[in-house]
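Working notes, beginning with the structure itself.
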Amino acid sequence: MDVIEEQKWEPKILAFCCNWCSYSGADLAGLNRMKYPENIRILRVPCSARVNPQYILRAFQKGADGVLVAGCHPGDCHYSTGNYYTRRRFLIMKRLLEYSGIDPRRFQARWVSGAEAEKFRTTVTKLCEDIKAIGPNRKLRGLK
Amino acid sequence: MKYAYYPGCSLDATGVEFDTSNKLVAKKMGVDLVEIPDWNCCGASSAHAVNHMLALALPARNLAIAEAEGFDTVAIPCAACFARCKTTAAEAQSSPETKAEISDIIGMDYQANIEILSFLDVLGKKIGLDNIKAHVIKPLTGLKVASYYGCLLVRPPKIAQSDDPENPMVMDNIMAVLGADPVEWGYKTECCGASHVVPVPKIGQQMIHDILKNAQINGAQAIATACPLCMINLDMRQKQLNVQLGTNFNMPVFHFTELVALSFGYSPKEIGIHKHFVPAESLVEDALSTGARREGA
Amino acid sequence: MKRIGVFICHCGSNIAATVDCAKVAEAAKAFPGVFFSSDYKYMCSEPGQEFIKDSIKKYDLNAIVVASCTPRMHEHTFRKTLANGGLNPYMFEMTNLREQCSWVHSDIEKATDKAIDLVRMSVAKVAKNEELFSTTIPVHKKALVIGAGIAGMQAALDIADAGHKVVLVDREPTIGGKMPMLDKTFPTMDCSACISTPKMVEVAQHPNIELMAYSEVIEVNGFIGNFDVKIKTKAKYVDHVKCTGCGLCETKCPKKVPNEYDLGMGLRSCIYKPFPQAVPNKPVIDAQNCLKLTSGKCGVCARVCPTGAVRYDDTESFITDTFGAIVMATGYDLYKWEDVYGEYGYGKYPDVVTGLHFERMVNASGPTGGKIKRPSDGTTPKTVVFIKCVGSRDSAKAKSYCSRACCMYTAKHAHQFVDKTPEGNAYVFYMDVRTPGKAYDEFYESTLRDGAVYLRGRVSKIYQDGGKLIVKGEDSLIGKQVEVAADMVVLATAMVPSAGSRELAQAVGFLPDLNGWYQEAHPKLRPVETPTAGVFLAGTCQGPKDIPDSVAQAGAAAVKVCGLLSKSELETNPMTARTNTTVCSGCGICVSVCPYKAIQLQSITERDHHGHRITRNVASVNNGLCQGCGACTVTCRPGAIDLQGFKNDQILEEVDSLWT
Amino acid sequence: MEKVRLPSISRDNHQEIQRLAKKAGMDLNKCYQCGKCSAGCPVGFAMDESPRRVIRLLQLGLLDEALKTHSIWLCATCDTCSTRCPNGIPVAVLMDTLRQEAKRRSIITEKNINLFNEIFLSNVKMFGRSPEVILSGLYNLRSGNLFQDADAGSHLFKTGKAHILPSRVKNTQAIKRIFAKCLEKGGQH
């Protein structure tokens, strides 16, 4: 993209939030009228363990600049063990992305409980700042 | 069995009879003790009070020499030296950086893979009770012994790796196979204050006093030690205590290998029992003779 | 072909103030499949819902997106609206414009752009929605309560009183658990047996309760409303139908062994009842020690039994039954302090005992007839030291948690000792005094007034010195070492989950927490439920508790059970996993990740493309058990298993829609 | 009673305390002040502040007060405390660390213990070994307790437990190198 576009570029960040903790954490942030950047797009899933690594790859292919997977804290999973799978899965995922040339800062897995509105806000805000600093993602773009 | 042997400063002086008895016992058990050439002081009990690296480097040099000489095991009579060496090994093993730093300081390559044994380990773990029992020809029948381990042979547990940090039994068991009668007491792992008795006599004396007292209360006729520092504190200081604290201690104290050597048939003289401060020969004679009588009968 | 309707809600000004709703509605018109799009002031209002229903008819819509508040608020409302409007309620998606857009942003232009994106996502998803139908499963109106301590008995009684059948299982020869072993209960000091044994009798006589003592649950299958349970009853060697419980056999039995019930401080015969008020009040034979059963000699009990109830050839028996709900009430054990506390003597000093020993000692029906005596020599101790937190709050040696009841029962013990021993000294070593209960702190204060001396500090060492036990501590309030020459030491040992509770949990189908306690479904909002639907928790199996809390929790669990058993059938959530058997390879990985044991491998027979009959395994999901987490879907390599309502293609459409 | 004004932690001594705690391999917040360390301490009876209170001082940020205690010098490093601590805190190592720090700042509340250590180590530096006679001899001289243990002396010589001529390491250079290196690596002697 040319310079002008580069300047008015706003990152688009996709956030997978588990229905029981992180999604309600985001709701609570709303209830408390906490402000955070508009760049975040929340996609509701029942459990962070429902998030298939394929979705993340697809997001980056389609042009996501950052992806967040947020779930209940380990041990607090509504489905008792789901987020343990999430944790292991995305440790590996991070390495894969790194390997395929994607700045690991673009993908994050975080634990946000239904009570942690402030944590949700700071997490997404930080993520946005990081991504803005890194610039637009061109890796995997349009790969089919 | 062939072990590197690190006598340490005390065994060359106040602990000389410990050195003697260790060698006698080792000989009888077919253990070949080879003194580490040109060994140096391990720094106990002052280095760790002053400079962490110094406390690691001084023992490391000895261990490195032993390793270079091709030994895979070193036997260390003195509990303080034992503790310092084990600590050094532990820290070097847990961190490659530390190991490298140590090697750099001593100007030798320290592998930290040589096995470190106290003499309790040598007799208890390696030689074994049955083996010892087999060599007992003069049982110390009925001798009421309080086995005194002190601190450094059992603590910290991760470092010392003794049989138990709170109620070690290895020495008691050895005493039992010698025919002696190990007494149950409360101070077997209390600290004797090491060198405290020199710079802060009042404190050191109190610590030594409590140990002797508890042994006495529980009916011990003698105390067996596994460390020259403990030995000198408990043996040499009794006279002093009696003067300072108005006690009347007269409790013979032994290096535990002395008792082993005695039961193996060595004479008190060659072991050096007469070198003790608290006269111990008569007690030994009694024990041996009752033993002999029982055998005869 | 989907005909999607989109409705943008202003929520008064809540959304409209920051999002240009008209613009969003306008933009939505351009989304693929959208046939109607509009904004409205309050979608959830009566007219709002009417507007949706009318539009469904008017524009022949078959899928709806409402963009308003969080679905956690009104998803259910609008699903009903669809149903009333003649659509399947699952042909619906909701966009969260309030909590996750208008309330968290202030820049109208940016917020509006985001809102358009969010609506586009929902539209993309709803385009892939399918009609879903919830099925119903029957509920067997019978409850199983495992463990007959005070919590288990209370739960059983409450459920039975509500008119439901209950089977109450306990592995011991008698029900009652630990409470009858206790002497008095804090803070009221009423006699523990006097209030627990009547409950035991009530349980035994209740027409709705079937008591299975000396029995164990060994296998659990099925799901909420339909648990198939296999229960083993151990060999009693006594026919409890014939036996009158006269007790003659017990008096005549020639062999005596230490009585577990008195923690080995007393003796019992080999044909025995654990204690006089045992329920059932009939003996069993201890096969490990019985002379007849071990050596073939003896046989006295059979000879003296007036009803000929003794059966040396008795064997264990099994039953299987179906239950609608299960209550876990397996209780606690005391931490084995002897294994780790060398500084306290590894249990080699006879006069260092646990709180439970003390309870038996002060208990009038206990081995000492209620007299506090030193186990070593039977003398009355003058100075007793009580040590709290032995095994509790000790992450280095034992358990890091607080056992909750110890502060109170230690206060009780100290009180009882000074009460029974006028010139006695009671010293209590503590770290904190935790008395958060009605009349608890007052009780502690009364113990202080009784003359018990509390010393703040953990004891470092106990050793025998002649006839005395020397206890070395620090009074951390003055920062000085203290030494007590005690005659007896009582340790308040930690509570740990009862032996075998982990295996039982696995059999039932859930996992205990790190310490082995049963994990509640939610620490605040679902404290008596487990992650497994239809399984509830009562008493200390969930974590350390005192009697009042255990009883209260038992009542709560009972209410949940009654709520469940009051229904004759349950509607299942249709958003569950489903397998496409044609592509399922039967690898079974999904089976291993499912936290609810909802997936099983099932063999199917079919014809392959050559027409040959082949039999192979495929994963099949039990809708009764599946809770719809979707963990299985991600592990499925051929992508055969998918989650209804959150299918792969639905989510991928959402993702893609953001960048089209 | 002396008054402590909180917060007593200035930024730099907070960092200093964290550094020392890290060096000792412990987390100060882990200590819940149960006092088990102090209860079992064989030197406790002689300490001005129990080990527990020394840790408390650090928790409150009162570093100087902690370094001024006699306790950190009197600790015999017997590790009874560390072995029994319910939170696995290496108390004895902390005492070593604080002692070393106190010495670095020349806060020496137990002159004789310090003197003993200095003579001990200077002997080791000189001879590579620690000849007990010279140690006690020099110590008596410099501490002014001229006749301490003199009574034992004769017996020691008589029984050959003490020699006038100290046994020494041949390769004294190696030892000097070790001391030099350790000094340059910070810490002191």
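Every chain is named by a letter (A, B, C and D) in the order it is written, and numbering of its residues begins at 1.
As a working rule, a contact is a pair of C-beta atoms (placed from the backbone, for glycine too) under 8 Å apart; a residue touches a chain by one contact, two chains touch by 3 or more.
Predicted model only: the values in this text are computed from it and were never measured.
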Relative to subunit A, chain with the most remote C-alpha centre: B
Query: Which of the two pairs, A-C or B-D, is linked by more C-beta contacts?
result: B-D
- prompt: In whole angstrom, what separates the CA-based centres of subunit A and subunit C?
  reply: 34
Query: Measuring from the mean C-alpha position of subunit B to the mean C-alpha position of subunit C, what distance in angstrom results?
result: 54
- request: Could you give the separation in Å between the centres of subunit B and subunit D, each centre being the mean of its C-alpha atoms?
  value: 23
- prompt: Tell me, which residues of subunit C touch at least two other chains?
  reply: 343, 461
Message: For subunit A, give me the residues that contact two or more of the other chains.
response: none
- request: Give the residues of subunit B that touch two or more other chains, as numbers and ranges in rising order.
  value: 165-166
- line: Contacting chain pairs, sorted by label, are A-C, B-C, B-D, C-D
- prompt: Given the complex with subunit C, which residues does subunit A contribute to the contact?
  reply: 10, 12, 14, 19, 23-24, 26-27, 29-31, 33-36, 38, 41-47, 49-55, 58-59, 62-64, 75, 78-82, 85, 89, 121
Query: Which part of subunit C faces subunit B closely enough to touch in the complex?
result: 342-343, 345-346, 348, 461, 463-466, 470
Message: Going by the contact rule set out above, which residues of subunit C touch subunit D in the complex?
response: 343, 389, 393-397, 431, 456-461, 472-476, 479-482
Of all residues in subunit D, those that touch subunit B in their complex: 23, 42-43, 45-46, 74, 76-80, 82-83, 90, 92, 96-97, 99-100, 103, 110, 112-113, 115-117, 120-121, 124, 128-133, 136, 139, 143, 148-149, 151-152, 155-156, 159-163, 167, 169-171, 174-175, 177-179, 181-183, 185, 187-189
Task: Could you pull out which subunit D residues touch subunit C in their complex?
output: 32-41, 44-45, 49-50, 52-53, 80, 84-88
